[in-house]
Structures are given as C-alpha cells and as structure tokens.
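Consider the two complexes below, in which chain A is the common component and chain B and chain C are the respective partners.
Showing the complex of A and B:
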C-alpha cells in the first residue's frame, strides 16, 4: 500500500467501536482503512501476553454488553468469538465469612436468608425493578438519541418512540422509572435491603468506572450499564470471551479483513486534515497521509478535537462543550499471573461462586469513604475491587494448573495528590507499587495467601491506561456517565448524532451515545449514521 | 361535636397559607398547632432570612422586607461582596471572575424562571393516562413550560437541558475559579440538603433557590414577623387558629378522613384534613392500616436527613469582622472558602461525624449572631456533641471576627434532631424531604402521592414535603388548598 492512498472512509483507532463501525461500512461496500497507533488492535479490548505462558485481558475483562444484534449482523462466532458465561460471585468479609451470589434463584434465596431473612423478598423486588429498567432501556441502545430542541422529522420520530415506550409503562411505572434514573445506588439499595454486606455486594456495579460515589444520584442508572447486557439471551449474565477480551477485537478484525477492509497498525493519527470545513483525511505520526471523504474517530471527543484537530476549524461553542465534557480517571487494574489457585479459606471446597466476580467491600459506608479518598486525589485506602480468575473456566489463559487473575480497582485518581499539588505525573514507580500493595492488602481479606501465589503482576494506573490505550485519564467509558453527559447531551449538546461540526468527520467511540462498556453500540450507530448521510448525498448527486 | 369544613394540622407558614386560601373561599377552617406559637420552621429561632418568596406573595402578606448583600468571607481577608449577579471584593476592588459570575448567575436565574412556573401549581402527573382529559390538560401545561424553554433560544435551551440535571460543583467551576465566590454559590446549592456540591441534581436545588431571582431579604424585626403575617392573613380569612392543641389522630371512616381526635379524646369533625407533617407521620396519624404496603414503604423510605444546625449566640456587644465596613456587618455573612471546602464539609456528616470546617451562613442581629451551620449529622446527638458543635462554630467565627468569643453570653445549638422535635419536620430537614431529583415534581414527596392527596379520601399534605418544597414560599400550602378545591371534596 502506498502511503498516500485514498479510501472511502478512514477510522482512527482500532478499538472495538472503531472496528465495528469499519465492519459495517466495509460490508456496505465502502473501501475502509483503520489506522491504529499501537502494534496491535483492540484498544481496551485486548488479550496480551506480558509473561510467558499467560494471557491477560489487560483492560476490559468480562463481556456482556456486546449487543447481540451486532454479533449476529457481523457473524462474529464464525470469526472465532465464543463467550463463556460465568456464574455467581462473592463478597468476603474481614471476619472470615462471605456473601455468595448464585444465578440459581433458590440457592441465592437461601444465601440471602443466611445473612438477613428480611432481605429474601426484598431481593425479588430489587431484581424485578432492575430487569424492568433493563427491558425499558435496551431498545434505545441501538438508536440515535433524539434532540429535544430539534424539529427535524427524524428527531421527532425518535422522540415519539421514547414517548410511546414511556406511555406503555403506565403512570405508576413511569414514575418508578423516573425515580430509578435519578436515584443513587446507595439509596436504592437502602430502600430494599437491611444487610450491609448484601448492599455492598450489589452496589459495586453502580460505581465501576465512574467519578461518583454510591450515594451520588444517577448511580442507579450506572448499575444498568452492568445489567443490561446478556450472554446468549440471559439478561444480566456476564461471560468471558474465550482467549481473553482480545478475541472480540480479533473477530471484528477478521470480519473486517474478509469484507475487504484494511487495518494498519503501528502509526496513529497525528492530525485530522480539514479544509474549508470538510475533512480530507488523516496525517499519521510516521508521516503517512491518507485521504477519504469520511473520517471517523474512535478516540474520545477531547483527544479527537483538542489534540488532533486544528482549533480553527471548530466553532467556539462546540470547543467549549468539548472542553467541559468530563472524562475523569477513577480506576486502576492489576493483571496477575498465579502459580496456583489462591486459597479462599472462608469458601467451601470447590465453591462454584469462586468462578465469578469476587469482592471485599463490606458496606456502603466503606464504598463511600473510598470515593471521598478519590475526590481528594488519593487512591482509596480501602479500595473496591472486582476480581476474577477466568482461567478456571477458560484454560487458554494460563498454563495447566496455573491461573490468571484480573483485578479491577476503584478508586484511583488520575491526578494524584502530592504535597498539595495534583498531577498525573505523580504516578511514578513508587506510587504504582504502593497502590498495588494497598490492593493486595485488601485481597488478603479474601485470599490470605495471594502474595505467595504471584509470579507476575502488571499494575495499570489511570496514567498507564491513558498512555497505552489513549483513553483520556484512563476513563473506561470515554466520559462520565452522568445525566448531563447522556443521551442528547453526549458528548456535546446538539452533536449527539455522531456527526461533528467538521463535514464528513464522525465520532464512533464511547464518548458518543450510548456510552461505554464493550457494547459496540456507538460504533454500529455511527456507521448507520455515516451510511445514511452518504446515501442522502448520493441521492442528491443523482 | 364541633364541625368545620377543613382542619389543618400544624400552623407552620404552609399550613397557614393553606388555611388562608381556603378561608378566603368561604370555607370554615380550623388550624390546630401542637406547640405554643405559630410559624413552625419560619420561627425566629430557626430561620433568619427569606430567600425565595415571590414578589406577589410578599405584597399579599404586607410584610416589610429589606434586601441584603451577601459577603463571602475569606481567610486571607479578600472577602467577596455579592448582590444578585454582581460580585466585587468587599473593599471595592474588582473581582477577576465578576463578568463570568454575572453571566452564570443571569443564566441560572433565567433557567430558574422557567422552572418557577412549575412551582406555582400541583406537579405534572399522568394518573389518568396520557390520553385522558386530565392527561391532555397536563400535556398542555407542560407544553407551556416547553414553550418557555423554546423562547430561551436553541443554544440556551440546550444549555438548560445539560445543566438542569448536573452538579453545582462542575457547573460553577466550569465558569469561575474556586474560592469564596464559588464557595458561596455552591453552599447555597446544598444548604439544608443531604448532598455535597458534587452530587448530581444540586444545580436543580440551586435553581430552586434562585426561582425568585436569588435575592435575599431580612424581615423587619425578625422572621417572626413573616410567620405572624401568615397567621394574620389566615385569621383575616376567618380561620380559627388554636395553639397548644396536639392532634392525636386523624379519624378515618370508610376510607375517608372525617375529622381529628385531639390528645384527651375530643373530636372535631371536618370534610377534609390537611397535614403539614410529612407523608409517613400523616399516615401514622390516620393509621397505617388505611394505606397499601407499597405506599407505606415509600413513605418510610422518603429521604429526609436534616443536615443544617441552627446556632444562636447571645452577645454582650457587637463583634467586628475584620475587613468589613459597618454596613457590610448587616449583610448575610457566609463562610464557604471554596466549592471544594463545601464538598469536604459534607464528608464527615455522611458517617455521623461533625465537620472539621463547617460552612456557615450568619446574620448579625441586635444582641445575637444567628448561624446556620452545615453539614452536620442528623442523628446521634448528645449534649456533649451539641456543645462541641457550638464551640466549633464559635471558633470558626472567631477566625474572622477576633474577640468574638469574649462577647458570647449564651449559646443555643439546635440540631436537626432538635428541629424535628420542635417542628415535626421529618428528619429536621430544611425542606421536610430531600430536594433530590428523585423527590421533586411528580415524585414529591413520594411516587404515587404527588398531588397532595393521600389514599384516604379528604386527607391531604400541605407542608414543605409536598411540591414544590421548602423555603418560606407558601406554595405547598396554597397549591394543596387549590387541589382540595379542585377535587370537590368540600
């Protein structure tokens, strides 16, 4: 390939959303080029081997949100994608007990009753509400967000769809829905449950990846971002992609290649080329230049416009909107190679819930305090973690008899405080190690022998995630999931439809509606928008 | 048995407003107050300023109010004097963020004005379904609000839809630098709320505060004058106000409220009973057996954790605040050094602890410094803890007014628990129920009971827990009276 080729569309960034958009465009007959700064594809959905014999899902680590419509459209199983569901999970206490979550309803009721008999029926009420909210929201994920200020037929149509769905709920459910969307996960759980341990176990999903605490309004909605997925139609179920999360990216990449698309790794976009308000192509950081009438960025909105686009091409109010779009780093990640399965003394021999997500935060207060630490620029002294050992289910992740462990840590700030000054540059090796030690201390609450099992550990701070993946501040959602940044406000009010003020330039990452998680919805939605506009243009030309 | 058309439980300003509105329509109204005086939370011991009273209501009441400035105190002496949208250093120097603050303030007031329409009538509801006559009326009413939004222009409407659900911390700091000015504004957003400025939804509560332009008034004399004016208005409308008369229960027959029974067993009959208490207290007065499980559970789950304490210092002389002119001593004095400090002041309250550096709103009166201190825990109070809070507040004031402590001859600390005991306000909460997004408008105070009505016929809520919420506005009371009349129960 020459270094000055022209294409129909160029995608900047081979994250799962960029690849998804590229697949749809290539299948529609466009000549598509995907450029990626790293030597590998996948963005935050990667499987990498950093230690001989082990495979890490370095960033994202479990799969559920990937829209099944997209899996079907792109026939991803044919390209090797296999999602294996895992069951259950547990929260370990300091006193040697645990609360186990089972997908078997009767087993779960017995376990809840063991802790707090009053919470047994409360759980049924809780899950009814959550499932109902999931059902309500799912159809919106693969649609454009309506712009309430617009009178265009398309926006009115989307608005009508929303009103119809809302009307279908009935007055009572509608009130319940409005309440759920504006509540905090802490208040929502307090309203249902008595046991602090059960509340803490269920609360984690409301804060993962966010700059919010369990008592911040809006976190009940974030919970949905972790429940609205499915594995093989089982709503709310989670699974491992066989071979790690990179398997998703690999399947998308192979799908793209088969459809005639081209992927070029090892050189990222230096700048988007714009002339007279129209995008012309991209200049890469190795000097290569490619041209296309359509350029879509998989980078987050800040990175795309504040770092790689000349400001003079952008209207002032749009820039202002981009500047105040909040992307806050709040999570760290540990990927650990283990020489054997760690022991969990509290759990019965061979307990099935060890194959699921494990935690050690035992009350909402502890979680809220963890958030308070983050606000002040410190990592949580008692961090919340979401820990899994996928090699129990997927043996391809580690050598026989050995295990791979993934630990997602909340909260760790991007701009670490040091003598009154906050800066990302404070993340040096000493800080990184201190964070890891703090997390290991907390893991010991569940698995006291964890430290002796470790043969290799990769510690990823928000700064590391930003540097490697390119996510601003290492934020896993490419932007906070707060009301002021959802739906028609995402990422900039008036620009929620994947298009941007630069003609022909689009956003396909999770800065766009409906937001983050390995969902691929922004990519698929953006591709649909690009094709629709292209078809219109073609019609006009004809 | 004595018979009235309407009995109002509680002579807080909202109860009195409801009574006056019904009395003016020729209804025979009896107001029963447990304590020895009228006013409830608008009493001079608890309240010291008027924030949110509409021009029309002020005229109706005929009370004399004078507008005051706000001075946000700074440890380095660079105090900021604020009047509405204008801000300058207290010594007259120009504040670097003055223009940005003016624009932000003007915008928030404009947005608040759109929302204020919603406060003056029962909240939108769709109980009859969207296609019923009532539903269509609702749509028409919301359409008016929508029109108000459209009139803002497309760009401003977008901005409205973005910030209305946002948090005060980001919304303020996106425009101005952090310091006493941002501190004062974010403190206003969360005073009395169980939330820090970083909580989403705090811009809504700030806009609520700014519904009448954000001006702050002192009552001539004390706040007691405002409460007295409400009582006078009710009396003039023919209402019978009885103090020192606690209601034991609401008498319910055939799922209808038919009167009340006083402590001691005397019954008074009425066709409708309005309660200034919260939904749970009201349900308990009527007997929880009359309500379905779901409604009772919701009432129990209503969020009402008071976070504001009232501290009254009796003084032997006038304290001098460093760097303030004589006139500025009459302003609303705020200690909120930054938005970050306001957030920090909330952290300990969440865990039942006293703040390390409380946020204060102070008014210097004759012989008294009246202070509202936030955020404090709402429960777990002992005398030792009250004393600790009093000392902490005095120490904070001392830092800005050296010599203050030596002037103090008496300290009264009223915690949220005390305020709840004195007034019956749920949780001692400023607004009777948290003004979170999940408890405003159609969801206020609890989902399914937003139109002042409870499930028992003829039983209504008329206190601040009902729409639109707290502050001395008289609106919950007047709206409730309107709903009673519209329902035709009389």
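Showing the complex of A and C:
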C-alpha cells in the first residue's frame, strides 16, 4: 500500500468515533491516516464470523444513538448501512409468566393492565417525562458541552444556548431535569409504577454498561442516555444494523476511503510523539512512525494518556483528573450460535416480542443484589441480561432456520475477587466457563431448552473486551456516564472541548462529550473542533 | 314477481369487493385498515407501516396487486399496434421480456404508465392503474389484434425484498434464479413469474388465475416460514418513492381523467425523455411532443430537516412559488427526507438552486411553518446492487 510518512491528521484507533472524525476531516480536504491495532476496523462496532455460517455483533449489538445528522452528512446508507428497528421485548418470570413490551400501544396497555391496572396511565406519564427530557438533551449531543467556568465568547454562546433551552422548560421541568441527572432509576420508577415486574423490565436501561446499581444515584441519567436515540425519528427505539454492527464501521470505512483517507490495520499506537508541548505524530508498535500536526486518539482518555503518552508532557492536575476518571468494567457478553430457535414456553406462538430484547430479572431488589455481587468482586449469581436473537429479523446473521443470539450480561467485575485479592488476571478459562454456566442458568428461566440449542458460544469477560477492543477495564462507554463526568467535566474539567494539554492532540472517543454508545457524536464534534482550530491557525498564518 | 320481468339482471355489487387473496389478508389484518384500489379491498396497513416497510428492504414481502388492470393483446399486428400506442420502441422488447411503457393522448399528455409483458411472439400483456379497455380497443382499430380484459381473471402477487428469491427457492421455484431484471417466464402451467416490481429492490411478480391465487399464496407463505410479511399500500408507497417511481393520481394526473384543462403532463415533463423514441415512426402524441416545449419538470428532491414534505409548496429564493411536492416521505433506508416534486419550467431543470419547501408541522396542536432547503437529485434515493444481481442472492 502506498503510504505517506506524514499526514495532515492521524487518528489512533478505527473505532466508530475515530472513523467518523476521520471522515469529516478527509471530506474537509485533510490527508488523514487512521491506524488500528486490530486486523479489522470498528473497535466495538464489529461483525465477526467466529463460527462458520454465523455472524456475531460481538461487542455492541444494537443501534439507536447513532446521530441521524451524521448518517445523513456522511451518506452512510450509500455505503451499505441499513438500520432496521426491532419491535417489543419481554421479561420472563420464574413462575412461567412474563411482562411483554409491545410496540403496538394498545396491546402494551392491555399487557400492563394484565399485571397492574394502575400502571397503564402511569406508563404514559413515565414516557412523557422521559421523552420530554430526551428532547431537551438531544440538541446538546452535536454541540460542545457548555462550560459555565469559561468566559470565552464561544463557551458563553454554548451556555446561552443551554440557558435558553432550560428557560424554555420552565421551573418545574427544570427541577425534573436536575432530578433526572442525579437520581437513581429505582427511585424514579418507584415514583411511577406499582408492579415490581414492570419496574424491573424498565430499569435495565438505567444500569447497562454502568458500574452502578438500580438504587445508585445517577442511574436515571443512564436510562435517558439509552432513550435519547431514535430510529427514523421514533425516540427511544432501537434497531439492528443489517449485517451486524460492523456494517456501521464498514460504511464509515468506505466513506473515508472514498474521501481519500487511509486506514492501516494490524499495528496500534505505541507512543504519541510529543515535542515542546506539541504533538508530532505517532510511533506504532511495529516500528512505523507517522507524522502529522494533528493527532487524535480514539482510545479512552486513560489509555491515551496513562499508557501511550509520556507523563512528562502532561500537567499534573490534568494527569490527576485522568487517573481518577471512573472507567469500570461491569459487563460481560455471550455470543451464541443456535441450531434452532429456542422455545419460550411462556410466550404465545409467534409472539412478536420475542424479536426484541429479552430479560429475566423480575424485581429492583433482585437487580440491586446483582450489583452487590459486583461490588464484592464477583459476577452476579443472578445476573441481569439483555438478550436478543437478531437473526429472526436480519437474514444475514445465521443460516436459514438457525439463529444468532447476543447476550449482554451484567454484572461482571473486571478485577475478579479470589481469596481476598482482586485482579483482572483471575479471569481464566475456568472462571469464564463458570460465568457462562451462571448466565445459562438464568436464561433457562425464559428458555429452558437453551443449552441444547447451542452449537457455539463466545464468552467475553471485561478482561477480554479490554484486551481485544482496548477499552480500559472493558467499560463499554469509555468512562462511566455519571453527572460528575459528563458535560464540561468529561473527561477532565477544563478539557471538555476535545482538545488536550498537548497542542494538536485531541480526543475523539466516547471518553469525551457526550459519551458512550454507538453515537458517533464525539467523533463528529471533535472533527468540527479540529477544523475550527485549523481554520483559525490558517487565518493567523495568512 | 312482476310478470313483465322474465329474468332479473345480475346486479353489480355496491362498495368494495374482495380480491382472490382477501381471505388471507383478512386473517392477517391487525390494523383493519383498508383502502379502495380500483374498487377492490386493498390493505393500507396490515400490522405496522414501519415493520412492513422494513420487511421490504430487509426480508421479503407479499403485496396483492390483483386490482391492477391487465389487458391481453394478441394477434399478428399486436407488436405494431402497441408500437403505435406507447412512446418506446416495443420492437426492442424480446420474447420473455418486460418493458416499462407510457402512452399519451394526441396532445402528448400521459394517459397512463404500465408494464408490458411479451408472453409470446404475438402475445402481450399490459398492466396499468387505469381502466383502458376502450382506449385499447380504439387503438386496435385497423390492426389484426384482439384485446382481452384479464383484470378480473388474472391475479398478481408482488414478492419483494432481499430474501424474495430465497422464498421462491424454498417454494420449489428455484429455477427462477435465471431470471434477469425485466424477464418473465412461465415456470409451471398457469404460473408466470416476472422479475419486476415497484420497490427498486430484488423482487418478483407472480401471475396466476384467480382460481389458483390462494394456493399460490399458501405455497409462498409456507416457504417464507415466518420470514415473509404481508404488506399494505403505505409501506409499498414509501419504497416506491425511494426507488423514484411515479404513481398515477399522485405524481401525474392521467390525461383521460383530469377534468380541468392543462392538468395533463407529457412523459418528457415527467422526466422520461429516454423512453420517448421519436425515431421509431409514428406513435400517439408524437407530433405534440415534438412541437411543445416542456412546461414542467418532475424532479427528485432531497429535502432538509426530518419532517416529510408531502404536498409542500416549493419556492425559489423563499418567495416565488414554483411548484409543489407530489410525493414526500422520510426515507428509512436512505435516512433522508425525500420527495418527488413538480416544478414549473425553468425551475428544477435549468434553475435548481435556492429552492425551498414550505412544510407545515402539527406539533401537538400547534402548527409550525418550516422552510427547508431542497436539492435536486438525479439518482434514485434507493439503489442497491442486490436488486440487479443475477443470479440473485439469498439475502
């Protein structure tokens, strides 16, 4: 491959945010290089074929947050991206019952009434509040975080935007917003609902990917974070990327290539090269060196600065901020090839909700106990799972009549406890298998024949996710989505605008505002910031 | 009975009547939402527009197209008669091929568009929206042809979507693999399959007699085994706008039905210059098409924002009204706000910038007016290689 040894911009890491930033930069006319340590692109948005005939979305597995403005800007459908919504979902009980979430509103009302008539209109009020809050947040996703500590014209402008939006909400809704950003999802659901099962079904979105329990403050925001996306304008709806989540990365990669960008896989960044406070380029772990005046890291903030940048180039307070940035592994993943559709004896024949997200955690107390295990360094004895069988909808994932199942598991600690010592190195094959058995036991609550349907399973612990994807501790959001590290505090107070203390060096990953999920907003925002600064520099030079 | 009345005439049914697939559709209908298609009961939605739409682009779908008008044209002069009727040169349509055709009145205004199937050397079938028996009979004057109305005897099913061939194969019709786009062939006695459709995706249309229609439905349904979805008009309509296909009475007014003067549009005004063959000899409307300068142009628009622009007026420089959207929808596959619009010349063709759509949005009881910039597109909004691949893929 013909390569230049110097570029206008280098992106370290071909995750979806790195690729998004690269696309915007390349389209603006910059010569862009993306380097990736794996032999494939995508980071945590990948489609992998690990068992003949089956495709796994083996990290991220559903799509909603991907900003439609970015999809449109980059024309991703032209590069083959198709996002297909799924309908419904269900939580199965131990006693052979279930609560089903129907996309048909009338069916949903009847189903809620079957469990608890008082929760029918409570649900309408709950979703009104959630969507209202989502509509408030959404415009901030593709903007820089407003920083009340700065007096720069641009920050004041962002702040004014926030104040205007907040003023538009009125006093009561603003109070609700503040509550939402700080309270627990458990408390919020307790305010609305009576049925423990319905509460448990709705609580999942408040803890997914997060090292917090349903009664931990801050989890209500995590629920919002999962609801603020959309599929074709349906806020809160989720879908599959046809062909797996790798279809998103593939479309971004093709878009980048068309725009003249270069992607090099198989060698990751060993060191960011810094001289006199300015970034100079990157040295790869295979010995290659590339130079550019702009270098952006798609790695999380901890990995970028604690592992690949010489400390001496960084101010002490910034380093302290990076060190205390919370990025804790809390989830595991099972990707399973099935020789047939498992049976769900509680569900009626052909139930549409089986095509959606399936769970078996039946109360907030059970979910809180699952979190207690994690705090102690164990995986949950009764884990929460978010399980889907996308091959029911997407014909590309498994051979006809066979199925692919993705099981997101929570909680699983990164630093597993063993004889009083906590360490990631305790994740050996025995521990991995024991975790999977525990998950299968819980899945049997919904699908008793699950074990007999399995032809292949990939088990991914937080350590596996860290090793393969590079996410510190296997945290899927590149840092917890708690209020203390959101907005102008993300990732480090004073450095929320994608720039870093090293001149010319930027963060484009989910460690930056507005955070995790396959959203592409950090990448797009960072590219805008890089171009804005570049334009300024060019104006000064002229 | 009154002694003067010997036999009472068979009264025509009042209201909508069933197509041969109605029993199957009725059983599947959750939405109970029907529309009138040429007097037949036709589903607007069976379950959910959204999921029916995505089945077209992701799996496979069945749509009852039996209400289409179908005319069989046979005889030694059939080709010559059709060549006089339509604007394309049908001599180029070989046996076993299908052609998209348009036909005009003497003013060069479009009467209707449709698909023309060459079933034999002197044996053709024309499928279209509007009733055409009288017009075809007139057109046949002096030619050695017979025109038979098959509208109520030939049933049609559109099987569309990326897994549509996989469904055919599972139904024992794997030999349809050889069909290229716009091919038609009889695969079993009384069952013709054409690789045609209104979605721009991989897809087929199956043609059989009314009597055997339900058996065909059941055979496909079984083969689809839960991966096949029956759909209604609304989902199909989104797909056809994405594919850039025009619909009678939306994107043009059939010249024989428009009461007001000046409502007819020529094929050239509708963007089909490539399908008007002035070199082939005389055809109906040719003189007018050569004489008249196009007054309008039907264009594909990429509309700003996310709110569908159906019916929106189009302005130049935000002030001067220059046309309107004839079909507008949010495209769930292209993730764009798309529209077909009729613009007065020279807008759309020679003047294509600084165009705006005026969109009214009812935001929970409050009307908002939005001016969104529109960009004229030359390509269809949906294009996918799988639609053209032969042999077709399984997904």
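Basically, the second predicted complex is superposed on the first by the 538 of 542 C-alpha atoms of A that agree within 3 Å, B and C clash if a C-alpha of one lies under 4 Å from a C-alpha of the other, contacts with A are read in each partner's own complex, and residues count from 1 in each chain.
The definition used in the following text is that contacts are C-beta pairs under 8 Å (C-beta built on N, C-alpha and C of every residue); 3 or more make two chains touch, one makes a residue touch a chain.
Please read all numbers here as calculations on a predicted model, not as lab measurements.
With chain A as the common reference, chain B sits beside chain C without any clash. When the two structures are aligned on the shared chain, A:84 is found in touch with chain C, with no touch to chain B.
With both structures placed on the common chain, the touch criterion links A:105 to neither chain B nor chain C. In the superposed model, A:350 makes contact with chain C only, not with chain B.
When the shared chain is aligned, chain C comes close enough to touch A:72, but chain B does not. Residue contacts after overlaying the shared chain place A:396 against chain C, while chain B stays out of touching range. Seen from the CA centre of chain A, the centres of chain B and chain C span an angle of about 130°, rounded to a multiple of 10.
Partner contacting the larger number of chain A residues, of chain B and chain C: B. By the touch criterion defined above, A:232 lies against chain C but remains apart from chain B after alignment on the C-alpha atoms of chain A. Once the two complexes are overlaid on the shared chain, A:217 sits against chain B while remaining clear of chain C.
Minimum Cα separation between chain B and chain C in the superposed model: 22 Å. Every residue of chain A that touches chain C in the complex is listed here, in rising order: 68, 71-72, 76-78, 82-85, 87, 103-104, 231-234, 242, 350, 393-396, 400-401. The part of chain C that touches chain A in the complex is made up of residues 30, 48, 50-51, 54, 57-59, 162-163, 166, 170, 225-227, 306, 330, 332-336, 394-395. Looking at the complex, you find that chain B touches chain A at residues 125-130, 154-155, 157-159, 161-163, 165-167, 170, 174, 195, 198-201, 297, 301, 303, 343, 347, 350-351, 436-438, 442-443, 447-448, 450.
Of all residues in chain A, those touching chain B in their complex are 148-149, 167, 170-172, 174-176, 178-179, 182-183, 187, 190-191, 212, 215-218, 317, 324, 326, 365, 368-369, 372, 375, 482-484, 488-489, 493-494.
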